[in-house]
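As structure tokens, here come the structures.
Next come two complexes, and both contain chain A; in the first it sits with chain B, in the second with chain C.
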Partner chain A sequence: MNLQFNFKRALSIAKKEKFHIMRDPFTLTMATILPVLLVLIFGLAIEFNVKDIGLTVHDSDRTFSSRKLVEVFSSSQYFNINPSRGSIVDAINDLDSERSKASLIIEPEFEHNLLAHGNTKAQFLLDGADNSTAGVILGYLGGIQKAANFKLTGTLVKEPIELKTRYLFNPELSSPWFIVPGLAVVVIAILSILLTALTVAREWENGSMELLLSTPVQPLEIIIGKLIPYTVIGLAAVLLVVLVAILGFGIPFAGNIMLFGIGSLIFLIACLAQGMLISVLIRTQQLSMQIAMVTGLLPSLLLSGFIFPLESMPKVFQNFTSILPSKWFMIISRGIFLKGADFIDLKLPFLGLFLLCSILIITATKKFKKDLEP
Partner chain B sequence: MKLLNFVTVLGFLKKEFVQVLRDPRMRIILMVIPMMQMSVFGLAISTEVKNIKLGTIYNPNDSVFRRIEERSFSSKWFIPAIGRGTLNDLNSDPLEQIRSGRADAVLISPPGGITKAIERGEGTVQLLIDASNVIRAQSIERYMQSIINEVIRDEFHIVAPTPINFDVRILYNPALESAIFMVPGTMAMILCIVTILLTSMSIAREKEMGTFEMIISAPVKTWEVLLGKTIPFILIGLINAASIYMLAIIVFKVPMKGLYWQLAMATLAFIITTVSIGTLISTFAKNQQQAMMGGFIFLFLSNLLAGIMFPLDNMPLIMKTAAYMNPMTYFVKLLRNIMLKGGSPELVWTYVGILVAMAMFTATVSYKRFHHTLD
Partner chain C sequence: MTNIPVNAVDVSNLTVKFGDFIAVNNISFSVEKGEIFGFLGANGAGKTTTIRVLCGLLLPTSGKVKVSDVTYEQGIEAIKAKVGYMSQKFTLYNDLSIHENFAFTASLRKIPSDTLKRRTKELLEFIGFSKPMNTLVRDLPGGIKQQVSLAASILHDPEIIFLDEPTAGVTPVARARFWALIKQLAKDGKTIFVTTHYMDEAEQCGRIALMRTGKIIALDGPENLKKTTFPEPIIELNPKGTIPSELIEQLRINKAVDSIDSYGMKYHLIIKDPQEWNQLSINIAPYFVIRQIPPSLEDVFIRLVEGVTR
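Moving on to the complex of A and B:
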């Protein structure tokens, strides 16, 4: 392998690529503005605190107590009561047709049992299809039960020992604080992979690659030269996203901004190099694009730890996710943003990111070299 | 004059199939990768919170606290924090443990131990949680609360009186498994990506290569070109759908309570919609790069605004409106409703109707724009 490298030649490639990018203002605008836009939109849209849960109430008891119980639900600000449309069957049909997420069925003996035996029951049917929402609703139900006990019987249910929770780094459990630093990683990862995935393939399809090959320029110089302008664009996008996170969402930037900058740089280059590798290997734009989307979009969204916890995955998949640059930068981004982690805390993710970045660039160069020889 | 010449359309179909499937790598991408993705995501993704690294700070003589610790680690939720040996002593800094990522949560005993606190009738167990992941933080608190309640009940036989009780029944997914909920969502995502990308790139490619001019100069009608260009992708999408569904039902044991024809109808309506959207994108794009950008914007927005990863009900009104203009939203709801709940006819017909309307609308707009490009 010839790793000859002349910086001047790499720069001329960069210059050529710059012209190419400037000629297509649509793509340039998209590359810089889109990350901020998407982070802004979804930062505002995503909310994990479940509210306004549709609850169908079927009250066959119609007593003071049963009405009081319904009132506890309606005044809890979590539930929206949908009155039953007649029979108990409707209370279940409402779940089938997704009019409601849950149904409360109060049997005729509700108040009688409470007064006669000091102990009564109401049925709560819950749509468990969406397991995470169902989990949250079950969590609310504990509080509702406590409130109902107090309101209906005056009994204050007190646990013998109280658990006092302190939420660190995000005391109000704000969803944007959690979403934005992660979403930034996802958006930038996908865009970077897509940006470079077509560059080399396009030159092969258009025939300009043959021209390039007839010059003394070396593979590594082409790769580095092509990476430079996209890295600049990517850094601009990162900067905009960080500004929106801090100024727009009021997320505290607890850590060192320099460390974050270095991390972003390595991450960007790794993702761009991933796209470049695809482009070098595939040589046709349509297929490159398919592969870029397959390796970029869904893995960054689903396997990077953005929403779905890596810790819950089977060991094999946990190890598998280590080949994704976005997994490592996810840890770095959230760590620096919210926890103020320093380099010592993050040495493993930094090492992982650096290794991936080097491997991707070297492989792209190597594969490129093979292509040069007829 | 005939409205539609089937021979012409058939010729186009053939050309398009040959063009897409000529590259053996493309065949693999189209047929094998969706199933691979489906398997990886089906097996890997879980919204259940597990393997929480728990640190504990307590006096070693506190037997009740030790019971809480033991029960935590024997549950499937908690594992010991990294380097816990040093954590056990009362002087270690819990904040530092969490900040450095060695622990996700630290449980701290009340001064003097739990037994004394209960005798005194007051005292709190403190739980510090890393809340940088909001979902995880809430689950950790819920789990810990239930473990502490259980241990206290067993050790002290204190049962808090609760006159009002709920008899909770969880329908459709009683074990609250995330795979059952997530698999239909990932199926929709995979189908959407394949069809949108193929269609949008294919026409943009002809424009870039200049072969589009040849099509224009040939004696064919817009409808014929359009059908010839889209039917292959609809077929590929349907084949993909069938293989993914088989995988989901046979391997991932996602229940299939509804009727297969309902599923087929919903899938066909959805795929026609996405293929039309792909065509629409390609009428705007000058080259493949722009088609890709357009495709990406649509895919990203539609994937995130479909109620797959984030519940739609909690979103602000504008985003909710956008989500209900997204065909994926209806398709995901249809898949879940048909597969998990057996398909409520009311919902299935309404949503399939909406999808068909969307398909007709986008197809008409693409036809108009396509016609315009041709002239």
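Moving on to the complex of A and C:
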């Protein structure tokens, strides 16, 4: 049997696929609008630095010292003070009604204790329902405590051990720095899985698969031919995200752009192959699209470490994420972008990505071959 | 073999199974070169399966298949090169122009560009296509699409053309036009293998194979099929007015009559004994306009394909 791979035929398929893409408003819109939209939503709207936190203050002491303490909070630019309406119950009700995220309760002996014993206490209530905001506020409290000590006692407290923290790679802990390099992962995953999920299913639905079958074209030629134009679209989308990251958000590109390109390419092909596999298995456009949405969006958003750190997930989940290409490319993308990591640093993620990519392509081609060959 | 007219298709003891289901059950037939060979049968009778085997799209479970002197042992690619296949579904790409569709098919079949140019010109002249080549296929009317689809499937100048219900869903005028093209192709020496549900189309075939549940139950020219299925003449009885209801029952048990069936307002009667019938026809003349009619292919189809299951 003649199983020779003919690159010219693969190119013919690619050319035909290009016509489909150019003439299909859906594909073109998806390819251009989706990356822009994602960058806007994730790059601008997601802000981990919480500001203007509502803080209800119930001051039963009403002394110079208690007012000083409240001043430290209000001058920190993180908090908006909501004065208590008299009862201490309000301090808790405000949390229930979402009027405030936190409450500060100062007992009557606040100043007295400070002057008499040299130390004093105030109660800080925090809405733990929103744990990400709570975590951020907790982080602010350390600094505020220091400032309060200084203001109230006039001296800097000497701590026996002082930990000085310096944030590497993202010194200001800026959210876009963290988010936007990860966006390359999300954009590629959603775009490429979604686009290719339709291509083979469309041939089955339209009946044009019969035409392909009646010619000597080989399954691998069809797969490769179909991958080529979508690879170009995917790379263009990555380039767009990188440009927006550098020019729009001022994120420095620390690593080797070539290495980043290679990583993107492998990840891209893995995603395209995943979409292709869905299409080959499902054969109807509607269902393929839904499955592509779920398997493209969820892992890249939730299980790749894009927003939620994998380290905080249960061990089972952490192990599971290793079969997701998006996890590996997330490490590669952030590593190269922010840390300037080289190939030696990233050999494990590259290996993982490459293996998954190969498995997906081989599975898709094998299944496709089985369907097409008599 | 010393036969001078080489057969275009030779099938012997072909069986195709899908798991436990036998789609084609041990059929044998031959198609001569230049013949228009019709394939008739209800849906699921095995027509499309047979065609797919002959086009190299499906491997036979057992049996021998020779298409244009190529057997399966020589590889399905060799078969694919010899045949043109136009499937039930419309297979051209709607969002591509006619030229792009042709160029795409040609490139998959490795047709050189000068040959493509020549064939395109020939074929478009052949189907009488006058619109610009960059018209998108989706903008063509149904009948024209069908003709362009035919042209695309014979771009590589195959010796045998398989048409699987090529005229389903197009207007009668377009059907007639399509059949004129089929006849022209046969005249040019191509072998045409066509499945259809339309009896008027089946009449135009040189020979017809009737398929039922995977078997060929009759194979002959349309006229011969009618003669062998209905050796006795068919008499049409057209009631002149209201007729006594017991009259039909009396006719049914009459010695001269083989069978009588109602066809709409009329009756079709088949004679058993011509002498007796002469007398009987005079007796019932007051009630009916009596006329001898030739059997139609539809009569044959009903009697052979559906009659057996009754």
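Basically, the second predicted complex is superposed on the first by the 354 of 374 C-alpha atoms of A that agree within 3 Å, B and C clash if a C-alpha of one lies under 4 Å from a C-alpha of the other, contacts with A are read in each partner's own complex, and residues count from 1 in each chain.
One rule holds for everything that comes next: contacts are C-beta pairs under 8 Å (C-beta built on N, C-alpha and C of every residue); 3 or more make two chains touch, one makes a residue touch a chain.
Only a predicted model underlies this, so the values are computations on that prediction, with no experimental measurement involved.
Chemist: Clash or fit: what happens to chain B and chain C when chain A is overlaid?
Modeler: Aligned on chain A, chain C fits beside chain B.
Chemist: One more residue to check, A:Leu287. First (chain B), second (chain C), both or neither?
Modeler: First partner only.
Chemist: Given the touch rule stated above, what does A:Pro216 touch, chain B (first), chain C (second), both, or neither?
Modeler: After superposition on chain A, A:Pro216 lies in contact with chain C alone.
Chemist: Could you look at A:Asp24 and tell me whether it touches chain B, chain C, both or neither (first, second, both, neither)?
Modeler: It touches chain B and chain C both.
Chemist: In this superposition, which partner touches a larger number of chain A residues, chain B or chain C?
Modeler: Higher number of touched chain A residues: B.
Chemist: State whether A:Leu194 touches chain B only (first), chain C only (second), both chains, or neither.
Modeler: In the superposition, A:Leu194 touches chain B alone.
Chemist: Which of the two partners, first being chain B and second being chain C, lies in contact with A:Gly86: first, second, both, or neither?
Modeler: A:Gly86 contacts neither chain B nor chain C.
Chemist: For A:Ala129, decide between first (touching chain B), second (touching chain C), both and neither.
Modeler: In the superposed model, A:Ala129 contacts chain B only, not chain C.
Chemist: Closest Cα approach between chain B and chain C after superposing, in Å?
Modeler: Least C-alpha distance: 13 Å.
Chemist: Which residues form the common part of the chain A surface touched by chain B and by chain C?
Modeler: On chain A, the overlap between the chain B and chain C contacts is residues 24.
Chemist: Provide the residue numbers of chain C that touch chain A in the complex, in ascending order.
Modeler: 55-59, 75-77, 80-81, 83-85, 87-96, 100, 104-105, 107-110, 152-153
Chemist: Within the complex, which stretch of chain A touches chain C?
Modeler: Within the complex, chain A touches chain C at residues 1-2, 6, 8-9, 12-13, 15-16, 19-20, 23-24, 206-208, 210-217, 374.
Chemist: Show which residues of chain B lie in contact with chain A when the two form their complex.
Modeler: 23, 25-26, 29, 33, 37, 40-41, 43-52, 95, 98-101, 110, 114, 117-118, 123-139, 141-142, 144-145, 148-149, 152, 156, 158, 160-174, 176-178, 180-181, 186, 189-190, 193, 197-198, 201-202, 205, 208-209, 287-290, 292-293, 295-297, 299-301, 303-305, 309-311, 313-316, 319, 333, 336-337, 340-342, 344, 346-347
Chemist: Looking at the complex, which residues from chain A come into contact with chain B?
Modeler: 24, 26-27, 30, 34, 38, 41-42, 44-53, 69, 92-93, 95-98, 114, 118-136, 138-139, 141, 145, 148-149, 152-153, 155, 157-171, 173-175, 177-178, 187, 190-191, 194, 197-198, 202, 205, 282, 284-287, 289-291, 293-294, 297-298, 301-303, 307-309, 311-314, 317, 320-321, 331, 334-335, 338-341, 344-345
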